[in-house]
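I have a structure I would like to understand better, so I am pasting it below and will then ask my questions one at a time.
By letter and in written order, the chains are A, B, C, D, E, F, G and H; residue numbering begins at 1 in each of them.
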Amino acid sequence: MKKNSRTEEPSFELDFERRSRCGFPEFIYGEGKSLSQLEQICDRMLARGEDVLISRLAPETASRICEIRKDSEYDQTARILRIGRNWKKRKIPGLIYIASAGTTDLPVALEAKLTAEFCGCRTELASDIGVAGIHRTLSKLDCMRRADVVIAVAGMEGALPSVIGGLVACPVIAVPTSVGYGSSMNGIAALLAMLNSCASGICVVNIDNGFGAACAAIRILNSKKTKGGD
Amino acid sequence: MKKNSRTEEPSFELDFERRSRCGFPEFIYGEGKSLSQLEQICDRMLARGEDVLISRLAPETASRICEIRKDSEYDQTARILRIGRNWKKRKIPGLIYIASAGTTDLPVALEAKLTAEFCGCRTELASDIGVAGIHRTLSKLDCMRRADVVIAVAGMEGALPSVIGGLVACPVIAVPTSVGYGSSMNGIAALLAMLNSCASGICVVNIDNGFGAACAAIRILNSKKTKGGD
Amino acid sequence: MKKNSRTEEPSFELDFERRSRCGFPEFIYGEGKSLSQLEQICDRMLARGEDVLISRLAPETASRICEIRKDSEYDQTARILRIGRNWKKRKIPGLIYIASAGTTDLPVALEAKLTAEFCGCRTELASDIGVAGIHRTLSKLDCMRRADVVIAVAGMEGALPSVIGGLVACPVIAVPTSVGYGSSMNGIAALLAMLNSCASGICVVNIDNGFGAACAAIRILNSKKTKGGD
Amino acid sequence: MKKNSRTEEPSFELDFERRSRCGFPEFIYGEGKSLSQLEQICDRMLARGEDVLISRLAPETASRICEIRKDSEYDQTARILRIGRNWKKRKIPGLIYIASAGTTDLPVALEAKLTAEFCGCRTELASDIGVAGIHRTLSKLDCMRRADVVIAVAGMEGALPSVIGGLVACPVIAVPTSVGYGSSMNGIAALLAMLNSCASGICVVNIDNGFGAACAAIRILNSKKTKGGD
Amino acid sequence: MKKNSRTEEPSFELDFERRSRCGFPEFIYGEGKSLSQLEQICDRMLARGEDVLISRLAPETASRICEIRKDSEYDQTARILRIGRNWKKRKIPGLIYIASAGTTDLPVALEAKLTAEFCGCRTELASDIGVAGIHRTLSKLDCMRRADVVIAVAGMEGALPSVIGGLVACPVIAVPTSVGYGSSMNGIAALLAMLNSCASGICVVNIDNGFGAACAAIRILNSKKTKGGD
Amino acid sequence: MKKNSRTEEPSFELDFERRSRCGFPEFIYGEGKSLSQLEQICDRMLARGEDVLISRLAPETASRICEIRKDSEYDQTARILRIGRNWKKRKIPGLIYIASAGTTDLPVALEAKLTAEFCGCRTELASDIGVAGIHRTLSKLDCMRRADVVIAVAGMEGALPSVIGGLVACPVIAVPTSVGYGSSMNGIAALLAMLNSCASGICVVNIDNGFGAACAAIRILNSKKTKGGD
Amino acid sequence: MKKNSRTEEPSFELDFERRSRCGFPEFIYGEGKSLSQLEQICDRMLARGEDVLISRLAPETASRICEIRKDSEYDQTARILRIGRNWKKRKIPGLIYIASAGTTDLPVALEAKLTAEFCGCRTELASDIGVAGIHRTLSKLDCMRRADVVIAVAGMEGALPSVIGGLVACPVIAVPTSVGYGSSMNGIAALLAMLNSCASGICVVNIDNGFGAACAAIRILNSKKTKGGD
Amino acid sequence: MKKNSRTEEPSFELDFERRSRCGFPEFIYGEGKSLSQLEQICDRMLARGEDVLISRLAPETASRICEIRKDSEYDQTARILRIGRNWKKRKIPGLIYIASAGTTDLPVALEAKLTAEFCGCRTELASDIGVAGIHRTLSKLDCMRRADVVIAVAGMEGALPSVIGGLVACPVIAVPTSVGYGSSMNGIAALLAMLNSCASGICVVNIDNGFGAACAAIRILNSKKTKGGD
C-alpha cells in the first residue's frame, strides 16, 4: 500500500469487569481481527494479570503470536490459543462430559474442552458415539451419569442430544456443528433438530459454538451453591 | 350464487394403466377436490372394476360419500376413504413395520398403514417409541428385524429413522411429520434431519406423506423377484 | 360420522421411568391429542400415583377435563392443566427468575413458571422489562443476581437475554417467543438473535417453549450436588 | 507450527459390527479428515480384514494414500477411493440402474455406482437422459424395466425421477444434485422437486448423496428374501 | 361499529391509459378490497366504456356485485368476475394452449383462460396431463405444436414445463401452483423447479398467477407484427 | 371456564418517561392483549394525563372500548384507536408525505398517517402511485419535494421507494407491506427489495409497520434544531 | 495422480434434433465440464455441421480451446465462447432490446446479447438505466417501444422490469442478477421482486440467466407467424 | 487470452444530476468493476469537477489507482477510496454519532464515517459498546444525546440499536453486519433483530451497508430547514 493509504481506528474498550459479573473473563474472538489488533489486546490483558484465550484463530496468526509469547499454547484442531500460566491453577468443582457424534465434529468438541479447562473445569471427552451405532452411545451411559453437565456435539441430523437427554438427569447443552453437506445447510439441519428435541429440557447454542457451550457449562458449575435458598 | 355464475371445467383424464406400469392403481388426492369431482372420479373407477382410495379427505365430504356407497370405509385419524371390496383379497408377501415416534404422529403412520393394506400388504404398527425413551425404541428391535421394510415416522427432531437405520439391514423409509411448533417449521426440521441421517441408506419422503411411504414400500415388496438376474 | 367410519389406534406407551432417569416425570403435550386420548393418559398416570401436567391445552378441552377431575387447575394464559395434589408438596431448593420482555410474552413466561412450580421449584416472574426501556431491565438486577437460574423470555428482536447474560453469572436460558409480525417470522428473528448473543454462555430453547426452559432449569437445580466430584 | 502448538485428539471408535447389523460395513467419509486420521482408520480396518471405501476424498490426499497402498483405486470424478481386493469377489443378485440427467451430474451418479459395486452389486449407468429431451429418457425404458432398483440422479429442476417413477414398478431412489446456479440454491430446488413428485412412491436422499442412494439400493437388494413371510 | 368509528380513505387513481401503453386495460385485483371500493372502481371504469375484470374475488362479494350488474359473469373455480359486453367482440389472432398438470391446478389454469378470453384470445385447455403419466403429456403434443404460446400450469414438483419446453418451439410460460403440502411450501418447490428448468427459454410467473401468465401471452400475441423490422 | 380455572398475571409496568427520552409517549400494541389488559393500561395512562394510541386493534375490541370512552376514535382500515383530546392540540413543524403504491396498501399508509397526526405532525397521503404507471408516481414529484420526510409504502415488488429515493433529497422511509401472494411471502419480497434499493440512503422498517415509519419520521422532525452544532 | 487413479465415464448423448423441435440447437453449459469433455462435444457437433456456443466458460479453458480452433470467439465479460461461421449468416426478423440496470449487470446482459446474436437475432443493449435515475430509464422509452421483445436485466432490488412493463406493450423478460450483497442473497431479492411485479405480464428467468432470457426471446421471435390461425 | 478473445461493452452513463436531486453525488460501487472501468469513471467525474468516492474497493485495485492519482486517500479497513480535494471543504451542520458494537464491526462503522465526512458531515465514532457490557453502552449516553443522528452498527444478535433507540430522541439508523457465524447467516440474524426492534422508530439499512447509513444520515442533516412549513 502506498503512503496515501491509511487506516483509522478507535482504540479498544476491554471489559475487565466481566469476570466479576459473569464468572469468566472477556475472551477474544479471533476471526476478523488483525495480528496487530490481537497483539494490542493481549498486551493490555496480560498487563492486568488476566490470561488470554483467543478462539477461532487461524494457524498462521497463532504461529506469529506463539513466537513472541513463550507461555502460549495453540491447538490446531480447536483453533484456540491460550496465553498465560494462571489458568492452570484455577479449579471449579464438577465434571463436564463432552460427547461428540463423529470424528469430524472434534474441532467443536475440543473448542468446548479447551475453553472449559481454561476456566478451571475438569472435562472428559468421548468421540464417535453417534446414534447410528446406538450401542456406542449407550456404552458411555455410566460416564455421562457421573457428570454434572453434558455437552452433546453433533452435525448432520443432530440426534445425539435427544438420546442423551432422555437418559440423564443433569443439564444437557446441545451443540450443532456444520458437519454435513447439501440440505444440512452448514449446520442448520442439526440446529433445528436440537431445538425441536423430544427430550425435555435440552438447551442449545449456535452452530459450531463449542466455546459458548463451555461458557454455559461454567455458568452451571459456578452456580452450584444455591443462592435463592429456601 | 346467481345464474350469471358458472364453472367451466374440462373432464378428468384418469390413468387406468398405472397399475400395470407401477404396480398400484391411481389413488385419489382428496384435498382441493369438490364432492362432485370426487363422485365423478369414483363412478368412473368403480365402473372399471377398480377399488378407490381417497387420501386427505375431510370428514364432512367422507361422510357424504359413505352415505351413498355402502362398501366404503373411512378412517378419521388417517383421513383415508377406501371404497370397494376387491382390495381385501389382494395379497403381497412380506411385512411392513411402521414405527411411529409419538401419539401425535399417528395420523401419518395410519395413512401409511391403510394405504399399504389397500394394496394387499401385511403391516405392523408400533407407536410411542421415540428416541427420548430409547429403551422403548430398542424393545421393538426384534419385530423390526423380522420386517422386510421399516417405515419410520417422526416429527419434531426426526431422529427415529437414524437410530433404526443403524440397527436393521432392511430398507428404511423415513417420514417426517409436521408435529411440533416454532422452529419445527411444520416439519421442515424433521425433514432436514432425516435427509442428513448419519445412518447410511435411509430414504425420505415428503412431510406427512404416509401415503407415499406406503407406495415406496409396495414398490420394494413388489420387486422381490429379482429381475436383473445374474 | 356413519357406521362405516372408524378409527384404528394402537394403545399408548407411557414412559413411567422418566422421573428416575431425568428428574421429572413424563409431561403430556396437549396439542393434537383428542379428549379421549387425554382421558386415557390421565387415568393411567393417576392410577400410578403420578400427577399430570398437560401443556398447550385448548380451553374447551381443559374445561371438559376440569368438570370431571376436581383436583385439576387450568391456567388460560399459560394453557396448562395440572391434575393431582402431590406436586404442591414437592420442593427443589433454589430460585428460578423469569424475566419477560413484554406483556404479550406472558403466556410463554407463565408456561415456564407453572411447569417449574409443578416440579417443586420456587419462581419469581417480572414482566415488561424489555430493553427499549433499559432502566426497567436494570431495576431488576438485584433480584436476578439472587437467582440460581434466569429464564429470559422475549419476542420481536429477542435482545433481553443478551443484556441479562452480560450482567449475571448464573445460567441464563433464553426463550424466543412468536410475538411480533412481518419479518419476525413467528419468532425466528428472536430465536436467531438469541443463538447469536454476544453475551457468552446463553443457551436457547425452541420458540414459545416456556415448558422446555423450565425443564432445563429443573435439570440445573436438580444437579446442585456436584457428582463429578473433585 | 511452533513447539507450543499441539493437537489433542481422542482415538477413533470404529463400528465393526455394522456389516452384521446393516448389511454393509462402515464407510469412511473423507471430507474434513486429515491424512493421518485416514491412515489410522485404514490400518485398523484392513487389519480386521475389512476393505475400505473412502468417499468425498480430495485428489491430493487420495494420491498420497495410493502411493503407499498398492491395492487401492481412486476415481477422480466420483472422488471415491477403494482399498483392498475382497470387494471384487462379493456378489449381491439384482441390477441397479443409475439414470443421470446431465453430464455435470456424473460425479454423483458415479459415486452411487462405485459404492454399489464395492458391495457386490451389478450396475448400469445411463447419462444425458434429462427430461428436456424426453425421447432420450424414454429410449432407456426397457433397460429401466429390467432393473430391480432405479437410482435417478438430477440437478436443476430435478424432474427425472417423476417421469421414471410413472413408468416403472420397481423402487426409485431420487438423488438431487447441486448442479445449477442462482435459485437452484445448490440443489435445494431439485431436492424439493423430488420430495414433491407427483409419481407415487419415489423416495429421496440428500443433495449429491450418490453414496446414500447406493446404500439404500443395497438394503433393497439385500432384503430380497422375504422375511416377514406370509 | 359506533359513531366514533370512521374510515378515512383517499379516492382511487385509475390508470385508464394502460390499454394504449400495454395492450390491455387495468384489471382489478379483488383480494383485500371491500365491496364499496370495488363498486366505486366498477362505476368509474364502466362509465368510461371499459369492461371490468376482477380477479381473486370471493364468491360472497361476487354474488353481491352480480345481483346489481346483469351483464356480469362469475366463475367460482377461477374466482374471476367479468363485467360488460364489449370484451366478447374483441379478437387477437393466435392460439394459447393451456396445459394443466392435475385437477387441483384447474383454478389457476382457468384464471389464465378467462383472462385471455377477456382480452380476445382463443384458448384451449387440457387438464390431467402431468408427467407422472408421460403418455398423457405426449398425447397432447400435436395440439401444443399448433399453438402460438403454451401456458404450462403445475404444482408439486412443477416438472410439466420442462417436458413441454423440450418438445415445442413456441414460447412457454410456466405457472407454478400452490398445490401440494409439506415441503412444497405453498408452491415454492414448483416455482424453483420451473426457474431451474433444463429446457432452455422457459419463462416463469408468480405462484398461482394464471392471470399474469395470460397477460404475458397477450403481450406475445399482440407483438406478432414485427416492429424492429429488418 | 370452571372455578378451577384461573389466570395469574403480574401487573403492567408502563414506561411513562418514554416521551421525555424519545420524543413520543409509550404506544400500546393491541395484538395479543385482552380487553381487560387494555382497559387497565388505558386507565393508568389517562390518569397520568397521557392520551392513548392503540395499534393493531381488532374492531370488536375497539367497539367495546369506544362504548365506554366517549373521547375515542377508531379507524377500521388502519385498526388504530386514539383516546383523549390533548393530541389534537400538539404540533410539530414540518410535512410528512405518505406515498402508497396501491389501494390494498392503504391500511399500512393510514397507520402511518394516524400515528403521525397523534404526535402533532402534518401529513399528506397519495395512493395508487405505484411504478407500473410511472407517470402517476412522477405526477406527485412536486408535492414530494416540498415534504420534509417521505414515507413510501408498497407491497409486491416494493419498487416505489427506489424511484422516489432517486428523485428527492429528503429522508425516505420505506415500508414494505404484506400485499401480494405466492413468492411475495407475506411481504418478504418487498422488504428485501427495499433493503437492496439502488437509490442511496433509503431506510426501511418492518413489514406492514406503518406505525414504526411514523415514529421514525417524528424522530426526524423532532431533531430539526441542530444539536451537534458547529 | 498415480496409475491406480482413473475416471470412468459414459459417453455423451447429444440432442441433435433440438433445433427442429425447439428452434435453436443444443447449447453447451460450460460450468463443471472438463476441457476434454468440452473438446469431445465440440468435435461431434462441428462434425455434424452445427456451430457451438459454450456458456459460463472459464477464461483459462476458453483460451485453450481458442488456440486450437481458429474460428472461435470468446467474450470474457459474458464468458461465452462461440465456434463456427454459420451463425453469422443466420437471421431472425425482429429486434431484442436489452435494458441493463447497472454496470455490474453487464456480464448477464452480454450473455443474453451474444446468445441471441448466435441464433440470428438483432439486438440493442442499453446499460446504466436503473430506476434510481428514472430519467435515464425514460430516455430509452422510444427505443424500447420499437422493440419486439425487451429483456430487462437488474440486480439489487430488481425494479427495472416493473417500470418498463408499465410502459411497453411487447413481451418483457426479466432477468434478476446476483449483483448486490447482504440481504440481496445472491440475487434472490431481485428474483422475488420480479416475480411479484405490479406490472402485469412480466415473465422471469433464473438469476444471472441471460442465456435463458435470450432463448425465451428467440422462441417469441420464431413464433411470429401465427399458427393457431383464426 | 488470444486475439480471438474480446470484450464488448457499452460506455457508462453517469448520473451527474444526482447531487442536485438527492443532495449527494453519484458514488461508485467498486465491487465487480474492473480497473479500466473505474479509471474511465474517475476521469469523467473529475473532469466535471466532481470528487470521487469508491466503496468496497479491493486493496490491490486501490493501490493501482493511488499510484496515478496523488490526491487520493484509501482506507484499508473501510475499503473506501476518496479522490479529490473539494470534499474537505464541504460542511453540513450537525453531528452524526456512530456507535459500533464490537471491534470486528469496525469496517462497516468506518465505511459510514468516511462516507459522511466526504459529504461534509462531522462524525464521532465509539467502538466496543455492545450490549453484553451494558455499562459501556450507557457510558456513551451523553455523547449520543448531543448528536443529530445516531448510526448503530452491530453484528451477531444486533441488539445495540434497540437499547439506543429507547434512550435517545433523535433518528437512529441501524446497520446490521455480517459479523458472526453459524445461524447468524452472514448478518441475517442481526438484520431481522433490527427490523423487529421493540424501540419505536428505528430504521434499518442492508447488511454491512455503512455507506447507505451515511447517505440516510446526510438526507436527514440536509433536510434540517423545514420545507413543509406551517
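The rule we apply is simple: contacts are C-beta pairs under 8 Å (C-beta built on N, C-alpha and C of every residue); 3 or more make two chains touch, one makes a residue touch a chain.
This one's a predicted model, so the numbers in the text were calculated from it and none came from an experiment.
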> What chains do subunit C and subunit H have as common neighbours?
Replying inline: A, F
>> I need the pair from B-D, D-E or E-G whose contacts repeat those of C-H. Over half of the residue-number contact pairs should coincide.
In response: D-E
> Of all chains present, which has the mean Cα position farthest from that of subunit F?
Replying inline: D
> More C-beta pairs touching across which pair, A-B or A-H?
Replying inline: A-B
> Quick one: subunit F and subunit G, Cα centre-to-centre, how many Å?
Replying inline: 44
>> Averaging over Cα atoms per chain, report the distance between subunit B and subunit C in Å.
In response: 34
> For subunit B, what residues touch not just one other chain but two or more?
Replying inline: 18, 102, 132-133, 165-167, 182-184, 188, 191, 195-196, 199-200, 206
>> Please list each pair of chains that are touching.
In response: A-B, A-C, A-D, A-H, B-C, B-D, B-E, C-F, C-H, D-E, D-G, E-F, E-G, F-G, F-H, G-H
> Which of the residues in subunit F end up touching subunit G in this complex?
Replying inline: 101-102, 130-134, 138, 156-159, 162-163, 165-167, 180, 182-185, 188-190, 192-200
> Taking the complex as given, what residues does subunit G use to touch subunit H?
Replying inline: 59, 62-63, 66-67, 70, 72-77, 102-104, 106, 110, 113, 125-129, 132-133, 135-136, 179, 181-184
> For subunit A, which residues are in contact with subunit H within the complex?
Replying inline: 1-2, 4-10, 12-15, 17-18, 29, 31-33, 37, 56, 176, 178, 186-188, 191, 206-209
> What residues of subunit D sit close enough to touch subunit B in their complex?
Replying inline: 18, 21-24, 27, 91, 93-97, 122, 146-149, 165-173, 191, 195-196, 199-206, 211-224, 226-230
